[in-house]
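Per-chain residue numbering starts at 1, and chain names A, B, C, D and E are given in the order in which the chains are listed.
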Amino acid sequence: SPAGNAKTSSDAAAEKKILMIGSGQSAGTLDPIKAYNGWYPVRYGFCQTLTKMNDDYSISGWLVEDGYSSNEDNTVWTFTIKDNVTFSNGNKMDAQAVKESLENVFENGERGVEYFTPDSIEADGQKLIITTKKPEPILPNKLADPLFCIIDTSVDNSKIADNGPIGTGPYVCESFDSATKKCVVVKNKNYWNGEVKTDRIEFIYSEDQSTISMGLQSGDFDAVYNVSMNDIGTFEKDSAYKIKTNPSGRTTIGFMNQNGQLGDKVLREAVLQMQDKDSYCRNLLKNQYVPGKTLITSASDYGYDTLTDPNAFNPDKAKKLLDEAGYKDTDGDGFRETPAGEPINLRFVYYTGRPEQQIVVEAAQAAMATVGIKITPQVHDTQTVMDMQKTGHYDLLCMSINIMNCGDPENQINTYFKAGGTYNATGYNNEEFNTLMDQVHITADPKQRKDLTRQAEQILLDDAAAIYFCYPIMNFVMKDSVEGINSTPADFYWVDENTIMNN
Amino acid sequence: MLEIQNITISFNKSSKPAVENFSLYVKPGEICCLVGESGSGKTSVIRAIQGNLPVQGTVIQGDIFFEGQSLLRYTANDWQKVRGTEISMIFQDSGAMMNPIRTIGSQFVEYIRAHGDYTRKEAWGKGVQMLERVRLHDGEHMMNSYPFQLSGGMKQRVGIAFAMVFQPKLLLADEPTSALDVTTQAQMIRQMMKLREECGTSIIMITHNLALAAYMSDHIVVMKKGEITDSGDRNHILHISQDDYTKKLLSAVPSLGGHYDV
Amino acid sequence: MTKKTIASRILQIIIVLFGIGFFTFGLTYLAPGDPVKAMYAANGSIPSEEVVEAVRKKMGLNDPFPVQYFNWLFNCLHGDFGTSYSLNKPVVTVLLQRLWPTLKLTLFSLILMLFVSVPFGVLSAVKHNKAADYLIRLFSFVGISVPSFWLGVMLIYIVALKLKLLPVISTGTGFKNVILPAVTLAFPMAAKYTRQVRAAVLEELHQDYVVGARTRGLKESTVIWWHVLPNALLPLVTLFGLSFGSLLGGTAVVEVIFSYPGLGNLAVSAVTARDYPLIQGYVLWVALIYMVINLFVDAAYEILDPRTKVR
Amino acid sequence: MEKGFIFYKNHKQFTAFFILAIVVIAAAVFAPLIATHNPYEAVITNVEQPPDGTHWFGTDKLGRDLFSRVIYGTRTSLASAMLLVTITLFVGSALGIFAGYFGGITDSVIMRISDMMISFPGLVLAIAVAGILGPSLMNAVIAIVAVSWTKYARLARSLVLRIKNKDYIAAAVLTGSKTGYILKKYIIKMTMPIMIVTAASDIGTMILEIAALSFLGFGAQPPVPEWGMMLNEGRAYLQTAPWMMFFPGLAVFIVVAVFNLLGDSLRDILDPGMLEKGAAAGGNYAGNTKYYDKL
Amino acid sequence: MFKPGDAIIEARHLTKLYQVSRSKCLTACDDISLNFYRNQTLGIVGESGCGKSTFVRMAVGLEKPTSGEILFYGKNRLELKGEELRLNRRNIQMIFQDPSEALHPRMKVKEIICEPLFNFNLIKKSQMESKARELLEMVELPGSFAERFPHEMSGGQRQRIGIARALSLEPEVIICDEITSALDVSAQKMIVELLLDLQNRKQISIGFISHDLALVQQFAHQVAVMYLGNVVELMNGKEVSTKARHPYTQALLDSIFDLHMDYSKEIVSIDSEIPSPFNVQEGCPFKERCIHCMTVCKTEKPKLMEIEPYHLAACHRYG
């Protein structure tokens, strides 16, 4: 009977558990070591890393047992590989396999050395010993990066970019279309950590944010990674959907170039005091961003609550500061000139890749116009902006930086603020700050590292070094029936063996 | 056969009609020529007989009878039946009257089959035969040619061949030779005269060549500004008529052996 | 077309391709920004000056312009258009992947366009200045004035989101995915062609051969379909070829809106990523396809129009 | 005055559209008087407000008044379209006239370049040029000029070729006119009206093209009020603030429609038949101009 | 009467070939030698496409001959260039076939007819009105026409404007290329009379081209008959109807419908078509259509030779 038929077909659908996930991000290759965004093997659930970053930015073992250790000066690290791990092709993963996988990163990839340079990697049964050339107090953090995910290098990996790696994750790649960037994954029958609940997941990519959220509304998708701030409201109101959010490790920063007119601290302070970050986040960014205060995101305990910002929002004070310092509109064009009488026109450079940038830059421009400081926004592509940041051809420059990309901010702080940092062209140079960061580098104790870092942050605040606009909140929106998908600070752990859509 | 009773053709209500009070009686087998200066309404008369006046133009008075039936009361359907069979037409440029991107043959066959119960092959044969009758010697080749591949004289003869197929009772011709050279014109006139002899077709022809009109026609109508100023047979027009306009026209025609007084 | 004209056309295509190649290569050569840095940036890393210098040397970027150009040309002639910075794949592979979806979209919208514009155009001309004519003209008028990127978004919103008739995302391979983008593309084109067909038919209706056909007592339908229409459509054939070409390029906007995985979408992201090898490859390819199509169309035109044949 | 009235009586359609076009241009010129707000003024506490009494078209993502931005957008769009059309018209006509009148090697060179340009789908090159030069309204204009001058050059050339063989040019040569005089008095005088009408009816298309480039992000940059860019910005807010998409879209439609209608009626006045084909010839591929050369 | 010394223009062995395509060559004029004499009219007749216009366009300097020379008072005019040529142009003027094509549609009559004078700085701006009136009077048009545009006039009137323009420079030679074929007979008569009157008054040399033999022989002092790019007969105008010898001229005469003809006579006509001007074969160009065709005609092209005083024909029968 027709009814019977209908039943069987819906049974079949129920039996074969399929999930459609939409995302505005994707990669053109599934090889973890080839592109900067080589984290898709982890996102799609093919691969896992030795360690894993927890929601509180702490690190714990994933493919290794938790009790890893290092020598005194942090140059020799010893890990114990979990015993029951197998690759999706059934091969057992032992220390030798891990060693080969890690060596592959350094031999065939270019990015490994940005993290650490191994002197030697030794495998002994399940024991893995990594010796590094320099002290690496946070090596376990670095190994949590998907770049170091473990793949089976004993198989032919010449087509890895399109066919996907053989990993230890709950899913294996069925098909990947590098034109549409659509990836279909199926259950890994040899999964080492229990039964995988979903048979098939399709990851569908569209670069257009609103298209993706419409896809979720129209039922094309069951879950969507990072619905934009404009559309999230629609789902918040609708009980058919649930939203998982997490504050990320990112900070949207406005760098101020002290080699120009912003060399005057008064002007920098005025700029800072004009930024109504609460209002930006509430009104313009729809509460999908946390108002910024310190360099490091509020989601970590690097002092967001304890540090004090001497230049918090205070337009009256800003005005007074400017007046007193002699910034006056002498030519009557509605904008102030410097005390020396030079006209001010601050170029605020930003790039389009992140939706909040244009908004905060334009908002800052509008806000500064009200105290008579002229700002001209200028948009460029990411590369040009990166070049500009390096060469210092800007007054203000907006950039979104994942300070906590390793669960620890040291690297990024040095790059952007320490004298001689690759991307420090702002002219910022504070001896006290530099000394503090040098100390961080040789400190292994996490608590001590944090303390030192907080002190450095406070110096940045006092020096009015940069604008910390906001910290984005990442989300995963899904149908109410979807389980086992979470939004995590690490941003790499989309699906796992427990992911399922219940009917 | 054809009787035009006092028709008036107007293109524009406010201005003077293009043709006023025009009457003409054409007997079977008679050739009648319309002559007169440019814009005198000759074409309008012919188009009225053909039921093919431009959209703005209407016969506002009078009537046209063909074989006793009023043409003005013909429906589109009636017209379709009579056109191309009982009333045919030759234009100044017959080539332009044919579809430029189809062969003569395909159009000939289409035309023949539109009015008679012929197979494609029969129609083709008939077409070839007609073309040879107008002394286009390689009929098959002509049928496979496109209009643009023929010379002016050939195209005009193809036009006559088309007009002859159904042995029409009335042939209308609007300056059929004015674009031709004298030698080709002579060929053409010979064909038309033959058509009258063989099928007894009546012909109404427009020409501005008075001598030609005089040679061909049984009846000449002289028009000026939409009105008939003079009409009669050759002898009347050439020798007897006292009409000023006729005289003026005659005096303007250059004549062999004549000389301007310099 | 004779063999000679075909040969000369092919030669012309080759010359034009060389010109375009020189033009795009020159432009990218002059463009601001360092391709090595761009390449690294696309991979998310910031190379040191030494690395940049080394890679520049390896890629021959320090050679004089003519040397670079001829190297590039040499590679192109061997089917090697370089490697896309942003996708890390040979340009040819990337383009081939995207070619078919775009061709499919283009063909589909052309067919759609023809099915709308020819009947409407003819109807409009035949019913000149009657209600049907005014209605069709209004439609075509709206069609040419409405921005396609606006139309596309509205179609997604209404048809896909509100009515849930078609998928929002066009990334799939099915037939359904191509409908909305094709309609968006075809709508303005259909409007344009309706006008063209109408104008052409109207003009042909005033031609002498129509009078001729009528005086031969042919049925009006015969006159319209067998005489007027072929003549009216003939000059549109060339125009049609041109549209095909501009569609290939013009799909960019629509592809972006519908996230359609075609060449246009690729070009837009290549430009944003300053992926010069990809931009160059794209431009050359589209120009080539375009010219080849036009060659075919012109050949078709010559076959269709006997007047172009020599006596 | 009298003359104007007679003109109106004879060309009612044209007059009507001309007045509409003037209204549009006036909106652009007097934007500061018409706009109710400063189009750049962001009121952060008042974002994405639906249309009401103070904000007739609502507000955008930064709380800027959409009505004022749309009105100022007329400026941006019209100014760039006019600039575009003017440059194309002059460059294209000059080269076309030159090629057509002098023929020979000049003609070959200009026409080969134009072949090269025309064997390009316009937007492709525009994207490439805009992409390489970097996104800005000016570069978008340059990019579109680079692809559209050929159409004008071809049209001008075909018109010149047609006129060049007319007896009145022969007569002018015979009666001792100098070449410069013939170019000025005959060639330019006879071709320019058609060229200008073509240009006028192209304004709409140009507005659409600029908007399309801006929509893709290769044209106007924020915070400049430009319709294509506003539409792109509005797309993300389609569900929460549909007016951000609706009003700029409507503005594009109306203005393009007005200029298309104006162009059409101008054509009708000048010569109904010839321009359709002329335009077609302008966009025609090199190898097949025979049919159109008759114009 | 036709003494070489009286010749203003001597066209010697003018040949014009058009390369129509790579393989095709069209012979528009084949070795034509004709002279224009002071106060004399040279009539040129022939069927459409026989090269009449091509010849005169070469004669006035609108077209470059493939070979041959054009002497103006014994000096080769083809050697003139630039400004020299421009200044020389005023001596030879031309009136064109289609009066509506030959006038700038957007210039007023006075501008059209005074333009040549301005080109040679013969008058000042202020004299334009009066000069225009004078010229209009000369062609028997009211002075009020000065303010009209070409489209506001009839064909005959426009042709008069063309004549006025050509005469404004007081040329020594004026060439009329089928100037009456777009007009009806009465207008044609008036135009021809006007031209003859002007010739009487100003002693100009006229070249008159037409396909109407009857018209040309009425007033031309000398008539040249052309066929397929060749002059086949050249004779005194008064003698055309009586003394024509060439079979083609005779065929033309036979085909003409004349008011004074014998109406009972059968029309004789050449049934074949004019051969194509492409890739001309050897022999007499008229061989296919000639009733007297002999074997020599098929192989050898007859030369234009004097068969009696002032009468030349190109036919083997008179060779």
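Criterion: a contact is a pair of C-beta atoms (placed from the backbone, for glycine too) under 8 Å apart; a residue touches a chain by one contact, two chains touch by 3 or more.
It should be emphasised that the depicted structure is a prediction, and the values quoted were computed from it without experimental measurement.
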Other chains in touch with both chain C and chain E: B, D
Chain labels contacting chain B and also chain D: C, E
D-E or A-C - the one linked by more C-beta pairs in contact: A-C
For chain D paired with chain E, centre-to-centre distance based on mean C-alpha positions, whole Å: 49
Whole-Å gap between the CA centroids of chain A and chain D: 45
For chain B paired with chain C, centre-to-centre distance based on mean C-alpha positions, whole Å: 51
Chain C and chain D, separation of their C-alpha mean positions in angstrom: 21
Junction residues of chain D, two or more chains touched: 134, 217, 235, 238-239
In chain B, residues with contacts to at least two other chains: none
Of all residues in chain E, the ones touching two or more other chains: none
Chain-to-chain touches, reported pairwise for every pair that qualifies: A-C, A-D, B-C, B-E, C-D, D-E
In the complex with chain C, residue positions of chain B that touch it: 50, 52, 76, 79-85, 88-89, 91, 93-94, 96-103, 110-111, 114-115, 146, 148-149, 162
Residues of chain B touching chain E in the complex: 37-38, 135, 151-154, 181-187, 189-190, 193, 208-212, 214-215, 234, 238, 248-260, 262
Chain C residues within the chain B interface of the complex: 207-209, 211-220, 222, 226-227, 230-231, 234, 304-307, 311
Chain A partner contacts - residues on chain C that touch it in the complex: 32-34, 37-38, 41-46, 86-89, 94, 97-98, 101, 156-157, 160-161, 164, 167-169, 171-172, 256-259, 261, 269, 272-274
Parts of chain E lying in touch with chain B, wherever the complex brings them together: 47-48, 155, 184-186, 188-189, 192-193, 196, 199-200, 211-215, 217-219, 238, 240-242, 251-261, 263, 267-271, 273-274
